[in-house]
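Each of the next two complexes has chain A plus one other chain: chain B in the first, chain C in the second.
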Partner chain A sequence: MTDPVLRIRGLHVGFPTDTGIVRAVDGVDLDVLAGECLGVVGESGSGKTVTFLATLGLVAPPGVVTAETISWKGRDLLKLRAAEMRAVRGREIALTMQDALTALNPVLSIGTQIDETLAAHGAYRSSTDRRARAVELLQLVGIPEPARRLRAYPYELSGGMRQRAMIAVALACGPDLLIADEPTTALDVTVQAQVLELLGDLRARLGMSLVLVTHNLAIVAEHCDRVAVMYAGQVVETGPAVRVVSAPRHPYTAGLVASIPTVDRLDAEIVPIPGRIPDPRAWPTGCRFADRCGYRADDCATPQPMRPATDGGVRCCLADAA
Partner chain B sequence: MSASLALSPGTLALRRFRRDWVSFGCLAFLVIVALVAIGAPWIAPHDPADADLLRRLQPPVWTDGGDWSYPLGCDGLGRDVLSRLIFGARISLGIGIFVVSLATVIGASAGVLAGFARGIPDAILSRIADVLLGFPYLVFAIGLMGMMGPGLSNIVLTLVLKEWVVAFRVARGETLAARRQDYVEAARALGCPRGRIMRDEIMPNILSPVLVVATVRMAGVIIMEASLSFLGLGVQPPAVSWGGMVADGRDVLADGWWVATFPGLAIMLVVIAANLASQGLREAFDPKSRR
Partner chain C sequence: MSVETSSRTTPAQRQEAPSVPLLELSSVTKDFLIRRTLVGSMFGVPRRRIRAVDSVDLAVAPGECLGLIGESGCGKSTLGRLALRLLEPTAGTVRFDGVDLAALSPGALAALRPRMQIIFQDPYASLNPRRNVEQIVGLPLALHTRLPPRERRERVVEALDWIGLGAEHLHRYPHQFSGGQRQRIGIARALVTHPALVVCDEPVSALDVSIQAQVLALLKRLRREFGLAYLFISHDIAVVAHLSERIAVMYLGRIVESGTTRDIVIAPRHPYTQALLSAVPHATRSTRARIRLSGDPPSPIDPPSGCAFHQRCPYAVAICRTERPVLAPAATGHAVACHLAATN
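So, the complex of A and B:
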């Protein structure tokens, strides 16, 4: 196995509130390998987005981030000074936000926003070079008539085009890792497929790593090499995407798989997972999924460590056999 | 792709503004007054300081005793009211535009800084602003002008010192809302430095309310300057200001109504125009605010 480019160990993120500390991320271990596509799956509130905001040092006070290590290509991101961290953001690790409409500045043209990112990193001296790069980027993400679209404003673009424009902005400085946070949430299904295909294509062409943060396991099965399933601020299962989707070991993953509608099982019932994610101010000491789990046993009341397996790991006391 | 590609939200707002003929007309009126002020030496028929007691209180042309060489009559010292009105526009409009521009640049920059950085800079700037807001405007201006003495630069200084607070409060409030937007987070996620985020991401987004308030405040500043000049604390002769003209006219109100009336009308028209233009601007920037 190649060394991971990004290695997160024991990441905790807490937000103090009047009614207690919300432990949004509670001991996450995660690896991203060079050139791979990692899917991070979980329902709203499972801590996927916060994990990566914390990685980039973007958790604003009063949020508190602690971790054993967040190592990026051998450097500990936690120990970087603000200016060094800023140089990593965008140039080495780029992040696209969930909603392209709000993540693009409404009063700046697409070209200006690309120019902005390039200028912020001092990537090109002359504005002519930056413009040429911007045209190149729009071409790269498949926006037709790139020279003309540079002057377009976000409201003038369709949802899919906006997503592409946002990806272009993120790719401006040629990052080695792109974190795409729910890149398809606001898009209709055909456009979703196009954007995901584009992301996979870009990953291969630019030789970068890609993290797809999503709540859609079907997307992961189709586009990712590996997957990390998050639940209640923890990673509950990791493994090769195809294996995890076809033979999930954690009951929560199994529940997610069962709730994917598929064409070849049209008559099969879509089974929702009963109950809700527990209160993040007071996680249960035992298995955090126990209350919603159909296989609940006595052992579930004890803390569940990650049980390593040959191709990943699972945080469930019933999965030992696998 | 439609022909309307690449229109910035600002351009769209200006298009809406141009269709609103009342506000657009008001802005056009202000521009004409400004042009007249700039061209005063060429446009004015007489030297505004040219006194001749033989023409003392000569009435306007349409009343008995008036003649075309002094269309709006003469004041108590026989100076041409029209020429003084034209030269007075330089001071009134000039101070209005200059003070508001300077105060807006200072106030908006400080407001964005305070709203974005929060913490200590915000606390300091906001307390200063609160203290300044606590003074009644005229009392503040009279007190300061009284201490520093009258004169053009002092009046500008006094008004800016009080006026920046308005832009500061607006810019700070808008920045507090803007800094939570996704695009600011996205810029941070791509390694934009804070200064650049404030200048390039937030500033353009909060510009429209700041501009709207600036136009309203221009009307306020013109009135303040007129009030100070009326009280004799403003610009000093031979410089002409509308407020000073009203003061001159007060002494001769019984014998020559026109001396105070025309500068008073001028102040009123310019202030109304500025207010209507700003309302139109607000509606153009934010069509939902249209009643």
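So, the complex of A and C:
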């Protein structure tokens, strides 16, 4: 197996509030391998977005980020100076946000926003070159009539086209890793399928790694090589995407799978996970999923370490290690 | 007026003849006028029209769930609002319980409102942030009944109980709740008047898969308990199939296929329905053949000639570009508007 390009160990992110510290990310270990598509799955509040904001140094004070290491191609991102971090961010690791309408600047045309990114990273000296690159990028993400669309403003584009435009901005400097945070949540299923296919296609053509942050395991099963399932600020299961979805080992993963509406079997009931994610200001000391879990036993009251297996790991004392 | 609904009869107990649909839309059309530019209005340029809904026939039986699916902009939300007469149709009739809604006086229409309610898509935008739960859920009762405050509060607490909240939540505000809980509050507001019909306009598409599953299970249970009829609008055919007995597929303002859920999901005949089905991500790798739609739906301002779907259809032939297919029902009730489906 190849060495990971991104290696996160012991990542903690806390946000002090009047009522206590919200420990949004609480001991996350993650690897992203070269050229792979990693799915990061979990419900709202599981810490998946904050994990990657912290990786990119985008957690603003009073948020506190600590980690044993966040290593990008052998460099520790935590030790970089602000200017060095800016050179990594956008050029080597790019991020697309969930809502393209709020992520894109509404008063600048798409072309200007791509040009801005290229100019900020000093990628092309002349504005003619930058314009040519912008046209090339819009073409790459499948926007028809790219030269004309450079002048379009975000509001003039449909949801799917806007998502494509944001991906074009993110890809402007040819990153080695693209983190796509919920790229399809606001979209119709038909457009969702188009955007996911585009991302997979771009990963293969550009030879980059892709992290797909989503709450839908079905998307992971279709588009990712590996998956990390997050719950309550921790990774609770990792493994090959198809195996994790077809034979989940953590009860939470199993619950997520049972929540997916399917058209394959009409008689299949959707079985929701009862209850809610616990309070992030006071995570339980034992298994964080225990009070929603149908298999709870006495051992669950003790802290659950990640149990490594041959093809990943699981944070559950009841899962039989394979 | 017969708006006093304090008796605890549920719609299921109010036996209706099964032959009379609870909701019936006949040839319903809705045009919207597009705003002219100032120069255009000075020079008398005629205002252009968008036909959002085009000659739609639909019926929902008492206690039935009809799923309505289609992409953004196909007119499905407009249709939902027409069904409740929150919008007036340009042509066609909407009957609720056999009564033509257009023939009713404003007072008589208001008297019907408690029996036809709506749940909205966005749990953040659809609850007034400055009202507490008691005011939000109690509003339909305040509008439509003359219940004294104490009984009104009892009814609100009862409705909160249905959705898994309690009296301790009465004085909280929307911002104190999660997205899933807010959507539940919207459901309680719709059900507090004991409606017979609820239009569910994308009620779960803003929610995480896990929360979506909880809300779907809740909607299913409440429907069974109260004998509710749903017009369930969504862009996700898997969500719709989970709840509905019948499904209608909408494209650019028209119904292009309708039938039982089994017909639509197992044996879809319209290429558009087939494409919608193959867009659903599968947890288990599926053997179903992929049909990927390219591009976005065409603009209703300038609809294509012939079949509205022909530009995106992988099977389009000459006739599809010139002649619009009609919705042809088969003996089984499975209807499809496609030139090619009719021949094979």
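Here, the second predicted complex is superposed on the first by the 319 of 322 C-alpha atoms of A that agree within 3 Å, B and C clash if a C-alpha of one lies under 4 Å from a C-alpha of the other, contacts with A are read in each partner's own complex, and residues count from 1 in each chain.
In this section, a contact is a pair of C-beta atoms (placed from the backbone, for glycine too) under 8 Å apart; a residue touches a chain by one contact, two chains touch by 3 or more.
Computed from a predicted structure; not experimentally measured.
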After the chain A overlay, clash or fit between chain B and chain C? fit
Measure off the angle at the C-alpha centre of chain A toward the C-alpha centres of chain B and chain C in the combined model, and quote it in steps of 10°. 80
Scan A:His121 for contacts with chain B and chain C and give back first, second, both or neither. first
With the two structures laid over each other on chain A, which partner does A:Val169 touch: chain B (first), chain C (second), both, or neither? first
Scan A:Ser44 for contacts with chain B and chain C and give back first, second, both or neither. second
By the touch definition at the top of the document, which applies to A:Ala54: first (chain B), second (chain C), both, or neither? neither
After superposition on the shared chain, which partner residues are touched by A:Gln192: those of chain B (first), chain C (second), both, or neither? second
By the touch definition at the top of the document, which applies to A:Arg148: first (chain B), second (chain C), both, or neither? first
If you stack the two complexes on chain A, which partner ends up touching A:Leu104: first (chain B), second (chain C), both, or neither? first
In the superposed arrangement, does A:Arg89 touch chain B (first), chain C (second), both or neither? first
Minimum CA distance, chain B versus chain C, superposed model, integer angstrom? 6
Which part of chain A faces chain C closely enough to touch in the complex? 43-44, 144, 158-161, 188-194, 196-197, 215-219, 221-223, 242, 245-246, 255-264, 266, 270-274, 276
Contact footprint of chain A on chain C as seen in their complex: 71-72, 178-180, 208-214, 216-217, 235-239, 241-242, 261-262, 265-266, 275-286, 292-296
Touch list for chain A against partner chain B, complex: 53, 56, 58, 86-91, 94-99, 102-109, 116-117, 119-121, 145, 148-149, 151-153, 155-156, 166, 169-170, 172-173
Would you mind writing out the residues of chain B in touch with chain A in their complex? 1, 4-10, 181-183, 185-193, 196, 200-201, 204-205, 207
